[in-house]
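Below, subunit A partners subunit B and then partners subunit C, in two separate complexes.
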Partner chain A sequence: MRSARQWSVLALRRQPLLPVWVVLLLTLAGLYSGFGTTANLRNIAIQASPLIIAAVGATFVIMTAGIDLSVGSILFLAAAIESSQALISAPAGAVFLAIAAAGLLMGLLNGVAVAMTRVPALIVTLASMQVFRGAGGHITGQQNIDLPAHLRGIGTGSLLGVPAPVLLAALTAIGAGMLFSRTVFGRYTQAVGSNRAAALNAGLPVRSVTAGAYAFAGLLAAVASLTQTARLGAVQPSIGDGFELTVITAVVLGGTSLFGGRGSITGTVLGALVLTTAQTGLVFSGASPYVFDIVRGGVLLTAVIAAGTRWRNLAQTLRLPGRSSSGGGRTISSA
Partner chain B sequence: MVSPVAAISVSGLSKSFGGVVAVNDVSFAVSNGEVVALAGENGAGKSTIKNLIGGTLRPDSGHVGFGGEIAHAGAGGARHSGVATVHQETSLFPDLTVAENIFIGRLRSSRAMTVRPSALRRAAAPILQRVGAGFGPDAVVRVLSAGQRQLVEIAKALAAEPRAIVFDEPTASLNLAERELIMRIVEQLSADGVAVLYITHYLEEIFRLSRRVVVMRDGRLVADRPTRELDRPTLESLMVGRELAQGYPELPQPRPVNALSVRDLGDDSRVEGISFDITRGEIFGLAGLMGSGRTEVARAIFGLAGRTGRIEVAGRPLRRGDVRASIAAGIAFVTEDRRDEGLFLERPIRESLSIVDLDSVCRLRPFGWLDNTAERHLARELATTVGLTARGGLDAAGGSLSGGNQQKVVLAKWLSRRPELIILDEPTRGIDVGAKAEIYRHLAGLARAGSAILLISSEMEEVLGLSHRVGVMHEGRLAGVLDRSQATQEAVIRLATGGAR
Partner chain C sequence: MKASLIIRSMAALTASCLALAACGSSAKQSGSATSGKTVTIGVSFDLLNAIRQAEKAAIEKAAKTAGYDVVFTVADKDPQKQSSQIQDLIQTRKVSAVIVIAQDGQQIASSVSLAKARNVPFIAIDRAIADQQDVTFQITGDPSADGRLSAAEFSSAAKTEPLKVLELVGALTDQNAIGRRDGFNAALKGDPNVTIVSQVPTNWDPAQALDGTSNALQKNPDINAIFVPSDFLLPSVQSALTSANRLAPIGDPKHVFLVTIDGDQNGCEAMRAKTLDADIATPVDEFGRQAVSAITTALGGKAVNPRTVQTRGLTLNQAGFAATSPQVWGCVA
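For the complex of A and B:
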């Protein structure tokens, strides 16, 4: 019993976002009668899926102390390619593979540029963000293009009652989580972001790791694109517009440091869930869609400020009276 | 001996941070014209005392007085009371001029809110003269050397015409000549009647400058004694709290097999024409003034910088500019700047230890799947080898370790590969005497096990005490190599300053 309690305390300390999300859900369910229904919760999960997938990829980039502003544009260009004449009537498997490859390539382009030049990631991806969106617009001619039924399954189908996007997001999160914490690539990603000079001194393949992180983010942005377009049933010119801001906010809200070296996939998933829940809550409240932009900006700032607060110091300060006497004892004993 | 009213008096001072007691009931005083040294290991509480006197921290209890008055709170209070602080890391603005930096807090030089450069220049000139600066008030700080910047820092302190000055490790990053200049300034200040509190790691400076020594350990004052009553071993044991193993460890006999052979090495900018050999089991010291090219030699050998010339490790030529090839050939590099270049501060200590040899704890090699148990085992083993003291365990963040233990981690991470050659750049800078002795012991042990060791250090005694042979750098060239029997302080300095052998 006690150990279960300790375990949950530990889990809370690692993921302070979990209670935030639960409180948010309960509050919204209390406020709006339709919110707590299974259908709505299922809808939140489906809505959050593309965000989770893209944000998990972005976590790798941000862990290397980089940034990827082109996520939204990769999403759009991938969708545009999917809707192009060459692919729209091809079999689903071939389309998915082609789109995944395209996303990987776009990410790799970012990654190689960041790893090989001294240009900051902010500038590289600010440039590619415009290039990719422009290319996407060129392909679609800024038209709404409907997707055929065989390409929509990934957004609307389900397996054993679990919606396909949710299943895909869960698999992505689990796979990426293992890649992140259980493989040499994941460890190197964290090391490069934590201390690039030390990584170079230890002989790590810093450039390949950096390029790999962006390529992975590009791949997942393309996967997010597939689920998003399939769910909408069409490729719209506005798709992925401002998506990079939501993605970065989700990652940062999840506790990943913008300076690299610290973060987790679980945190990112929770960050995406909190944002989507808040967005759905706003819809229920009848607020205009622009209110979400305000909320998102506020959340980003709050998350960064909260990350800067030394939680451990705060906890110690609160426990100060009991602790200071034992501290005094220590200084005597080591004399 | 002590004038009735002390310029700085500290009484019953205590301060703790989040439950950890940094300073515990400390009292002492510094009189006008007196130099008092504040000594102690890292973490003994010296910096906290400095910050309490400087007013950037407020004491939990006790008080700081200046010339009989109780200090006002805040840094402004200390300045108002005529106390200035010279910080270890210079807090200068690199793109402003020397004069602007000196008067940064009081730039307004006319009645209107404007800055008059000519007035600043006029006011700065005599202060610069007083510290013996070889540069003018219009120089931009960015172009100055570390030593010159320290002079600007001192000039900044003097500009307020203080009655007392606190120096915090003012010579830590300076070369011999610059160090000498700083010490002359301190002597002059004391002769002018200024009270000086001098915080330093260097025992020579304590014995040369101070009239009294205040020793701190674990936040408490353990001694306040006239300097002439102390000798070096006594002072060391006061700082550490126990008798230190005397001197340097016994050096093993080198084996007659070349581990490293360097021929005509250059890096196309700072160093050229460097040739030397190191055999297995040999410790080769590389001495020289700061900026003489020692670090550049190390970085060129390790492949961090481009190079010309030929390098062989265990008889095999080494690819140039390729760190991974160097590591594969058996070279380990313990960098000068462990915090910024050696350690993952916010990651678990375990990860800093295993990072070099992560491949060895993998299952399913091609996928790089980590075996957590094997990794923990490796990290524990390495930590034990170097006697790491990590209170929070190996999963605590690297940044939580003391300087000496961080250095042990940076050394330990290479040891699982049994390196052919270990290059150490300033391995004991800024770490305390106890940890230093341990590092020395490890180096001797590694040499005994057959590794060749290239040791770069600014501490002359350390190089002389640990090396079989000493190479001396002067302006980017190897000025000479001295055998242990020839290597005296004088001989090294002569070569390092360009004198004939």
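For the complex of A and C:
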């Protein structure tokens, strides 16, 4: 039996971002009146929800040593499809299912292209980013389209006092955490990212797993789109523009290695919460608008440097000469 | 191997289709050009949104009146892509003149030089070009004046009730956003009845505008006025106000004084619903009319005079709504 202290130490070792977030919250609450109120914490949770949902999906992709730059465009195209004449007046359940299917399909297209060719994921998703955004622009005619009330509930409603986006983000994170750590697919995802060559030699279905990771990311980007557009109350042409960078920042900040094979869903959730809390704190601080971009860029840089340092430490521990393209000797950790 | 073969075949097929499409397009263009009768204007926009759609329509309307054809391209906010598109318009499609909304007023310099070298009139609209030496004609709004006009509405309203203002700012790299912010701030400096309690950047992103407005309302629940630097951020602000139970028509004690800029359909609808107090409308039709007029002058071998025009926005407020709205592009679209 482990003592509570041992559990705490273990939790902190696994999630070093947790104390960072708690300290950030306490500091901001101490500095600015109104920050620590229930209403504001609820506000932060609602704002973080679309990011958490999309970043959880992106974690699977990055775990396979891949990258998905099309997250923001999938979000926009999903929103555009939602606002199309065919769907906008349909029952909410049917619309949500259709959007989820569309996101899954978009992600699958990325996944199949990455898995079946030797074109780097960066290039594939850079191309699909433009294709999806263009398609979304074609559907909307680059106009703002108001959403009817029945499609806004997923962003503005609540269940038993819990805001719908927060509930959806929590369910997504729990479900994805289980998928990640307790299923064959989750284990294979980590194995593929850890050492693709070894995974192939071991007979793992590397292509299917890779395609599945992108499909899952596409599905969650579409779900994030549903909550985001519902909160906005309208589909706008610039929705999701640059969102992929925020998503990647949250994932990397949460400890997922850009080289694949290592990461956790809990870390990603914490990464998204830290980013959103910092963003809210900046408004409360009354900082110059220029400081916002500096902080955003600084957080990304810190996350990437921290990820690099971790790799070097690991390499030294395992007495590896350096990181090779085959990526041998990486550890696998679960959520 | 099979997959690779299929993909290569598909790539080859796609490339063939694109080549055929390009040939077809070139043939059509060169046919028009060699006839010597049709003037074709190449248009390159930085992006496409509601106001750009209106600007596109204004150019097409003016070109149609003048008997010109229009070839339209969009750069998706990519300066390099815009440069390539303009090069293609001038060298491959051999257009008679170009109308450009520059994504980057500095980086567009090479395109301006190319147009000059090929003796193609270069017209800049909406966004100013940094080096205007070789620009044939430029017509833009006056973002600073638009900011000042917005500020005048705040000053006027603050005479009856002091205002605590949330100021949203567009992208900090966009001269229009900076001009609007600076004009607004300069005009309100020293006004004892108006206090800017929070300034939040949005990067022209609706989600950032929504979150920023929500955060500012949490920090300062006594905010009773918001400056929105573009109509397209208005739905985000309205959503944030709805969540805070603060979206109410003029006259309601909960009403938050709102002024925005552009004059699009969102703004006009909000004016009709009396949830928006004023909208500074961009004179979009004027951009198209004067740009095409300048092309006619330049192609006639004359110098365009004046070479630079700045147009102020039109104030659409509740008091003058009936009289002014027919002149606002978002109200007549």
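FYI, the second predicted complex is superposed on the first by the 301 of 335 C-alpha atoms of A that agree within 3 Å, B and C clash if a C-alpha of one lies under 4 Å from a C-alpha of the other, contacts with A are read in each partner's own complex, and residues count from 1 in each chain.
Note that in this section contacts are C-beta pairs under 8 Å (C-beta built on N, C-alpha and C of every residue); 3 or more make two chains touch, one makes a residue touch a chain.
Bear in mind the structure is a predicted one, so any value in this text is a computation, not a measurement.
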Partner chain(s) touched by A:L31 [first = subunit B, second = subunit C, both, neither]: neither
Partner chain(s) touched by A:Q47 [first = subunit B, second = subunit C, both, neither]: second
Partner chain(s) touched by A:F284 [first = subunit B, second = subunit C, both, neither]: second
First, second, both or neither for A:S194, with subunit B first and subunit C second: first
Touching partner for A:D293 - first (subunit B), second (subunit C), both, neither: second
Subunit B versus subunit C as contact partner of A:F185, first or second or both or neither: first
Footprint overlap on subunit A, comparing subunit B with subunit C: none
Contact footprint of subunit A on subunit C as seen in their complex: 3-4, 7, 47-50, 52-53, 76, 169, 172, 198-201, 203-207, 210-212, 214-216, 218-219, 221, 232, 235-236, 238-239, 242-243, 264-266
List of subunit A residues in touch with subunit C within their complex: 32, 34-35, 37, 39-40, 43, 47, 50, 116-117, 130, 133, 137, 141-144, 146, 156, 228, 231-234, 236-239, 241-243, 276, 279-280, 283-284, 286, 288-290, 292-293
Subunit B contact footprint on subunit A (complex, rising order): 182-185, 187-188, 190-191, 194-195, 197-205, 257, 261-262, 313, 316-317, 319-320, 323-324, 326-328, 330-331, 334-335
Residues of subunit B touching subunit A in the complex: 16, 18-21, 24, 217-220, 222, 241, 302, 304, 323-324, 326-327, 333, 335, 337, 340-347, 351-352, 355-356, 358-359, 362, 367-370, 372, 413
